[in-house]
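Shared between the two complexes below is chain A, which pairs with chain B and chain C, respectively.
And then the complex of A and B:
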């Protein structure tokens, strides 16, 4: 009886893949399909969508959100949640801009980015240590540190909107990867900083899938108690996770400044839910332990596309939230019913 | 009884525990355990629930630190082990909960730990996928599971329980283990799968691996052979080759308790039938019928996987039955959710009072009236506090709470008093039938006494009571009848007054096959 059961088992798993199976194993398929559907519909209603300039706009707009989303995803994969990343980004970008402007006007751009990454990582590590040692859910800890980081920024660093950036930062924001003239004569630029997102996605994918740390992150996301019993060091995992997410946030912050050519200390904070929504739309479960980098990027693209193209088909931009909200519910309902059918 | 002598070769010694103590707060769980494990030998750690078996294996695997004593591992002395130290030394544990990571694949669950251990727990290392696959294939083949890619890539949460059990065992032998600890490994296996497991154990022993079983199934211990180690109340009461003991001797060693054996049962049940279940079917429960008369106390027992918990949840609507009928006072009732049960007058005091029952930061008063808020509130939903206080005061009196201050938060009370608050709350709806699940788990002896007295006075007032418990003396002292469950069926029924603990315990251990016959 037992052998027949086991035979049946392998038969079951090696059975040809149905669509439902595919969705259950790779929920980001749904994200991809939604994305394609929207693009097709928009392109039919308004062919202008397919112009390179629109696509490049979408690419540009997804960099900061994408970096944030990778950080959120890696924490979600380990069963935690982070809402302080926007505050980390705001803190590093503004303090660093002030520092460069007032003290080191000649600092090379590469060094600025390095400091942004290191500063973000440091703030992230504080999150990680607090989560580990206080044994408080990361949601609560990061709500606390979000207020803390932001409060520190606004009280001690400054509240002034900086309109004229240090020249090297402005130049980096404009530096083209390639440039061309569109049909209506406007100059269209894909900036160099766009490359950072695929690079960061690749690094994140590599860490998650090719290092023991990556597997440990998913193990902790599966069940932290069991993972610790199996010999995974939870402290190392927590510190790395939040440190890495912090580093990505620091990087996102400085790119945000360079791209917008201004540093507003009130920026970014408040967009957390949008980012978390993108990650969840990408198929990562809010309870942790699942998800992929590809899904996360697809989720980000979906949200960015919705945000930027609704206008093109004549839907008022105030409807964005309505659409994003219904997509989240739809996708979630779909994932859940797939799970249950199993 | 002193430990029996048996031959041992000092050269093959792997692990030695010396006078290990473990205290959890005020509970002294291990009281000086000394134990030696040699390579290539099989050991059976036997004892009733709560005797300290799990604590001892957690100390060996590094999940717990002993309060006192030392651990000698491969000739080195430690005061405690970390999980990674224990794993690196070759101690692998298959926990009762299997400790599988549900979101990872079979291959990862089986073989990832080998890479973690060889990296000495350091995570800044590359993850070798082909080595993962090779290790997983080798280990899965040892336990006769498929080794194809599809199976290796299956997520563990998609597997049936018996397969998960084998996956957990495969993980334990994927590393070069020297000691494999298995905590009740056969509870979810069929007989064929058990045979398969026994072959795996023989193979391990022939490769000079020590195997430590924690189990209740004596028949299997005799089949596997090796050493018996018997625990009782945190002490090791016997050690020796298992053939030197009869089943009866082992059972006596495990249960041999003599304190507090007088019977509490005072009243007699009435003739009138109160509750009847017939042909109940639920997950883990197969076709169970029983009756409870007014004023009767029915005990239900069995091992953890016997279906006793599921039966309690089925009759109280927590995990409703999928088949069969329940009638109360001669009328059929449908119980599909807890509210149905409460509405018909069936109360349920859960085993885990902290997680499932009490609001710890709320007062005794608020906890006691939690079920009758609608009855206490007027048309505007305002609660009549005075009436509530009067009821709460009466319930506390009835349950013999040791405090008169009803505003005290329940979290400040002792375990025994908390349990009495919870029982008192159910009395507020005046149930016809009260199901008590492990009513004295984690309760001190004095409180036990008071809870038993309260239970008896409830029965005398005509209430029917069902006590689901694995504390046999408790059932023998309090119940009229005891039903023993095994594999989801009732396998024996005893008159509590005439039954002995040995008889009941033996019935609990009745193997699946015997149960069918």
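And then the complex of A and C:
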């Protein structure tokens, strides 16, 4: 009994060395393990969790948040932070819906999405220019632009809840990728727009790992001064970063409208902390220079799962914020102590 | 301290200007005793939170306290829940008030210490740490209150803090001024104040100089938390109820006040007097917009614009450009005069 325990201990320590190494190189393993652990626990407590309809719900719910998170991640990787993306999304989605509804009722969906991306990118570029030229922490700048964009939207564009969307947008939200009938006879649909998330993740991964811009982003996140001495143009990097994040936010906004079949100008703003939490839980350091796309997606899944399963295991939904907040602190503390041991 | 003089003069000037403008627009009713009193009693909550943000910013190294309003609400909610479990606010009014005040201050202090320990001991970036604690504090407030408003009622002592006047000045405003004065004195005359500012200027040098870094950080966030607790008390006193999501826009406004007061976001400089004056200026502007009959959304828009304008003023030294005479005295400190020209 005692020998086996000692054996177990020594095996544990030898394993924890390589394990610590793995965690240091790929912090998202922790996120992954946490995700799996939560899923297993929930599945044991409440087997209903494993029904395909629940899983598809989670997939659907993670699209908008995932798009936001990719934008936040790329900014975080460069050492900045953005809290205005929800305002950008709300701004583009609502003004675009109003525009299509009133002026161009026949506009094809592809054009709508292109305009959403362009509009979001434009607002993002404003962010980027401000962050670059004002030389203050991007948190403060983007808090300012968040109020600016949202205030503009609500005071000059409208506060009316649009319940009847242009038909092509509603149709896009309903368009199925595949459908099947679940055990209780309800029709379960995985919509086509779900594909946009993996697509965006792939593009982001490509930018970060296969282009010079990706290198520039991580270099700036590591140390902006050194990066600029190495010849990276900080202005281009900043404008690109925030523009890209804005474009993703615009896309997320329009998908949010199509998926919910209504355009509410008060939506989205207020969810940004959840998104930042997801990115941080995915292993990106808030001081920049690290992180992976895969980790970000895992972080998003973790937050979405936490949000949707608390009720399933009998924890009241009022606990959601406390749980996510504690997770952020735990993850932050964990990653910091890991890095220090290096 | 020379440059601070210019900053102070500018803030006084802008306050005077706003008062005159208000009087001109409203035909004098803006300066009526009632209006002044109501503005003064709206000020303390946000002013206290802004001082907290200022202290955290002064500590440097990306220091910021995003958990202020969440902690204020938590102090109010948790204290109300705990205290009303033992004492009924209707029966023993003074006991309830005292217990509530003590509870809220203790919770605020504790929350601040937690922030400080996480930041100094575990080396978590202040933004991330206070983001996490903001969520945790708000989450805890939701859990203990079940997401509903918690009734505090208006027991004598508490309600007099929120609503009564002393020599025609609201008591909450007096309290705010006294607390602000205390903190200004601490910053100016104690070693802690010196350590805080020098640490914000150059954290590395501060460590090599043997400053008690952990102590200073914990103290800074603890004071910020204590101020949040006090803000929570004033919120409860003025509103009869406390709720977890009260004042959702205070986070931005507190930062706006600090930036307007010339507190450097990168740390090392900030004055309490300027924060108080810039809070007053913001309150005057907010009331002016109200007098103009504009919606809250326009106000949000204006705050965002104002924040960015002040950042630009601080960055490009527009004041020096407009008034060449005071260029040396106000270098690199955002001076709130240019917005009048910019708008």
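Keep this in mind: the second predicted complex is superposed on the first by the 325 of 342 C-alpha atoms of A that agree within 3 Å, B and C clash if a C-alpha of one lies under 4 Å from a C-alpha of the other, contacts with A are read in each partner's own complex, and residues count from 1 in each chain.
Criterion: a residue touches a chain if its C-beta (ideal position, glycine included) is under 8 Å from a C-beta of that chain, and two chains touch if they have at least 3 such contacts.
Keep in mind it's a predicted model, so treat the numbers as computed, not measured.
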* To do: Could you look at A:322 and tell me whether it touches chain B, chain C, both or neither (first, second, both, neither)?
  => second
* Asked: Touch check for A:147: first (chain B), second (chain C), both, or neither?
  -> second
* To do: May I ask you to decide whether A:302 touches chain B, chain C, both, or neither, giving the answer as first, second, both or neither?
  => neither
* **Touched partner set for A:115, first chain B, second chain C, both or neither** => neither
* Asked: Should A:188 be classified as contacting the first partner (chain B), the second (chain C), both, or neither?
  -> neither
* Name the contact category of A:218: first (chain B only), second (chain C only), both, or neither. => first
* Report for A:240: first if it touches chain B alone, second if chain C alone, otherwise both or neither. => first
* **Touched partner set for A:277, first chain B, second chain C, both or neither** => second
* **Interface residues of chain A shared between complexes with chain B and chain C** => none
* Structure fact -> Interface with chain A, chain C side, in the complex: residues 62, 64, 118, 122-125, 127-129, 131-140, 142-143, 146-147, 248-249, 251-252, 255-256, 259, 265-266, 295, 297-305, 307-308, 311-312, 314-315
* Provide the residue numbers of chain A that touch chain B in the complex, in ascending order. => 1-3, 5-6, 9-10, 13-14, 25, 209-216, 218-219, 221-223, 226-233, 236-237, 240, 288-290, 342
* Asked: Touching chain A in the complex: which residues of chain B?
  -> 61, 63, 83-84, 87, 95, 97, 99-104, 108, 112-113, 115-117, 119, 121-127, 129, 144-146, 148, 150-151, 153-155, 158-160, 162-163, 189-190, 192-193, 196
* **Parts of chain A lying in touch with chain C, wherever the complex brings them together** => 81, 130, 133-137, 139-141, 143-152, 154-155, 159, 270, 273, 276-277, 280, 286-287, 318-326, 328-329, 332-333, 336-337, 340
